[in-house]
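The same chain A turns up in both complexes below, where it pairs with chain B and then with chain C.
And then the complex of A and B:
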């Protein structure tokens, strides 16, 4: 298992896929701040809220993980290389856990890389950020658990469908559906969500900034229309989906409402999807 | 005799389809074991099970004396190399990178075997060319090289000459023979090109409908393959009348040729044929081929299961 891990890490970090995803995230992380800076220069704005750009990497992590996991683990089926791993004395469980470890590590590195590049650009171009660095680090840590959970979910799909093409399609559809669901749920559960979403990373008016500044770190579930089971189910998705977590991180000055639930759900999703994935993968007939 | 692979009543079902239906065979150490069977007979399924890709539905198998459900099976599998259907290679890596990856996974102390293996399979000059740009034959050879990393004692090759040109077929054949003779690697091989297989195999297992119909050594096969006289004549209908009168077993192959499975007085036969206005054009001793033996063993019906699952 250790040998396999070492070999797989080497394959991942020397492969084109990892560096392409890194490059994409570097461009993404820098471009938002550069665009905001250009807009600020062309207009005459005194208040700029760029903190949201720090979490776009997490919001897009669903899609990033879909592509990365499907290509990294899915190609093993297309190229038949799982056979070499089994013949080398590895078990199916070992192969699965190894893939999870490698994909999670790679995506966490990408997540932090995105964050630090976005942070550096924000700091260099605008001088200060709304959130404190320690809170950002705590949010990134919760985000890292979310990244592992998303990776575990995408890996489960990939290892069950056993095809790179199908896996990348299913995973991307899942990521898009989750994102749409997150926005819908946040809109439904939070009274101020639309206002916060409207604020975005772009330049906002002083009035709007005042509203955002007032509500951004105190809001939580405040729907007056949802009760009972429906509220519980929607709150579950509100707290458990990474995109939902990331959208909420981007508007909070301190740790967000239900942050403990986020941690628990991220760990639980990782464990449950890995268990389902391992059991299914062990039973599957591979070619 | 020492066996490297033993299977006992191995069964594998895909829903209602029985891919293996009580397959029992023994692969002697040091042999080149030819697995012969038509499409859908269960050869690839059996290889997949041996590699650990699939679990049998029932029955069991041993690799180097370790049963598949015992703890040491992973260790036994490390003594194996396999190319099943398609070669297991990373297409975005070069030949050298593929071999280094396998070395690392097997925990080999260095990459000293890489150049030697590339030379052995004739890929020493591929340089930085990615495997995705290789021809089918080159990929097949790279697959064999990957399977040979770690000096396995047992090599499993499923249709290794599929898609190869005549030169490639000869090269792979010579490579297999060299590995078997010089490195004493036991080879288990399946191929549809039975003539080619007959040039390699020292043991045969004939598989049909998921079970072994017959197992025999190459010597036993030689003895079992009937010898005959292949005659070319002007009129096989006339010859058939003559042979029927003589009470001889024969097989008409075409309007002008037939095989005779008996010792005959050919002067008498020639006279009788002249009486029927039938001339003898040629006469040769002929051995029944592996193909002929296989067809006579399993019947010559069409492939009703056209593909392996």
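And then the complex of A and C:
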């Protein structure tokens, strides 16, 4: 398996795909700050804080992972490489884990590259940022776990579908649907917390009200419009979707409320999707 | 060219891809109606509320369609590259321009057919509620603009699909392109809204952020892009009359004038269509088909 890993890492870092995705992210990371700089009047630079641009890389990681994983792993089915690897003595589980390791490593490198380039441009062009550097690094670490979770999910789809074209289509649509869902859920939960704030002690205990007041959200409290299973499911997606996590990172100045659950969900999603992916891949016939 | 068109239409309507997208779009429309029809009773005002549901359904349809078209056009056309069918068509005597135009016509007509089917579905509840409370002129303008946008957007995706032989790459570039266009449109609209809001605050003597006010040339450029870019027009199908009237009071503008503004917008889209198609045919003529 070590030889397979070495080969896969070499294939990844010497191939056009990784460097194209890197180039795209470098352009993305620099362009937001450069465009803001170009369209801001010279006396107003001190009023510009570009913290939000630091997390766009994480917000777009769903699409990046969809393209990278579908092309990197999906191409192996089209070219018959997986069959060759099996003939050479590797197991299906070993091949799957190798692909997961390589794709995760590549995407984490891309994530951090985006962050440091965006940080450099923000600092050079505009100076101070709201977040402290140590907080940003902690957020990026949580984001890295989210990147691995998204990679595991996309790899599961690619290995089940076994075609590069269908994998890239399904994965990209899934990424877009997740993004739209996370924006809708964030808006709905914001309205839900406003409703709780207005209702006050009628429907919420003093202790929970204090949490709501401090963090602008409290978990597990039903309101008139949102309650029970629907609330629980939406709160789960609020914490587990990488895009939701990234949007919350960009809004807050410290670690977001419930960040421990984000870490747990990221690890759980990685394990569950990898398990499903490995079991499906082992059972499916290679075309 | 007639034989080519017949063959392509037949291929489209027999393909699983078309029927999957048709079924998904019907499900989406039915869900849009069902979701809004389940609004709490205090938000309903007899038949009038369905007018708003209808407008929202049209708006969300075109927003979702631009992504669906990216995938459908890419997968439908790039299969021909993969199978070598395009090369065979050229060998059998069809010109490259005819081959390109055939794909464009088939994709555009398919888009229009899907729109008509879904329009019929979301119009069905009017049989129960009646159409009082609906402004016929606004609805007509909205429907015409959406139909024209479907054709213009298909021209863009056919350009990508005809020039990119790989199926997967074609899908990726089409989707990434439409996302970049939508984000750009959102940023342009944001700049114009902030400018308008800040100017109003300045005029009323209230506190405003000076940095948000655009210079004259800047504002003209952003406004021009706001009218020209198809994705900006897609975003504005919801407030179409305000958009056409440049956010002046529409009650003071006669319907005929709004229709003339709409005709101007459709002309812009026609120019976009012609330019994109001409560029596509020119590049396709020079492309080496492997």
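The rule is short, and it goes like this: the second predicted complex is superposed on the first by the 247 of 287 C-alpha atoms of A that agree within 3 Å, B and C clash if a C-alpha of one lies under 4 Å from a C-alpha of the other, contacts with A are read in each partner's own complex, and residues count from 1 in each chain.
Just so it is clear, a residue touches a chain if its C-beta (ideal position, glycine included) is under 8 Å from a C-beta of that chain, and two chains touch if they have at least 3 such contacts.
All figures in this text were calculated on a predicted structure; none of them were measured in a lab.
J.: Given the superposition on chain A, are chain B and chain C in a clash or a fit?
T.: By the criteria stated at the top, chain C and chain B fit after superposition, with no clash.
J.: Applying the document's definition of touch, where does A:168 land relative to chain B and chain C: first, second, both, or neither?
T.: So A:168 only meets chain C here.
J.: Touching A:82 in the superposition: chain B (first), chain C (second), both, neither?
T.: Touch status of A:82: first partner only.
J.: According to the contact criterion defined above, which of chain B and chain C contacts more residues of chain A?
T.: B
J.: Just checking: does A:176 make contact with chain B only, chain C only, both, or neither of them? Give me first, second, both or neither.
T.: second
J.: Can you report the least C-alpha distance between chain B and chain C in the superposed arrangement, rounded to whole Å?
T.: Between chain B and chain C, the minimum C-alpha distance equals 9 Å.
J.: Return the residues of chain A at which the contacts from chain B and from chain C coincide.
T.: Residues common to the chain A contacts of chain C and of chain B do not exist here, since the sets are disjoint.
J.: Please give the residue numbers of chain B that touch chain A in the complex, ascending.
T.: Residues in contact with chain A: 14, 48, 51-55, 74-75, 77-78, 80-82, 84-92, 101-102, 104-107, 146-147, 150.
J.: Quick one: which bits of chain C touch chain A in the complex? Just the residue numbers, please.
T.: 67, 71, 75, 167-168, 171-172, 175-176, 179, 191, 210-211, 218
J.: If we count contacts the way the header does, which residues on chain A are in touch with chain C in the complex?
T.: The contact residues of chain A facing chain C are 39-41, 44, 47-48, 63, 67, 70-71, 74, 164-165, 168-169, 172-173, 176.
J.: For the complex, which residues does chain A have touching chain B?
T.: 3-4, 6-7, 10-11, 15-16, 75, 79-92, 283, 285-287
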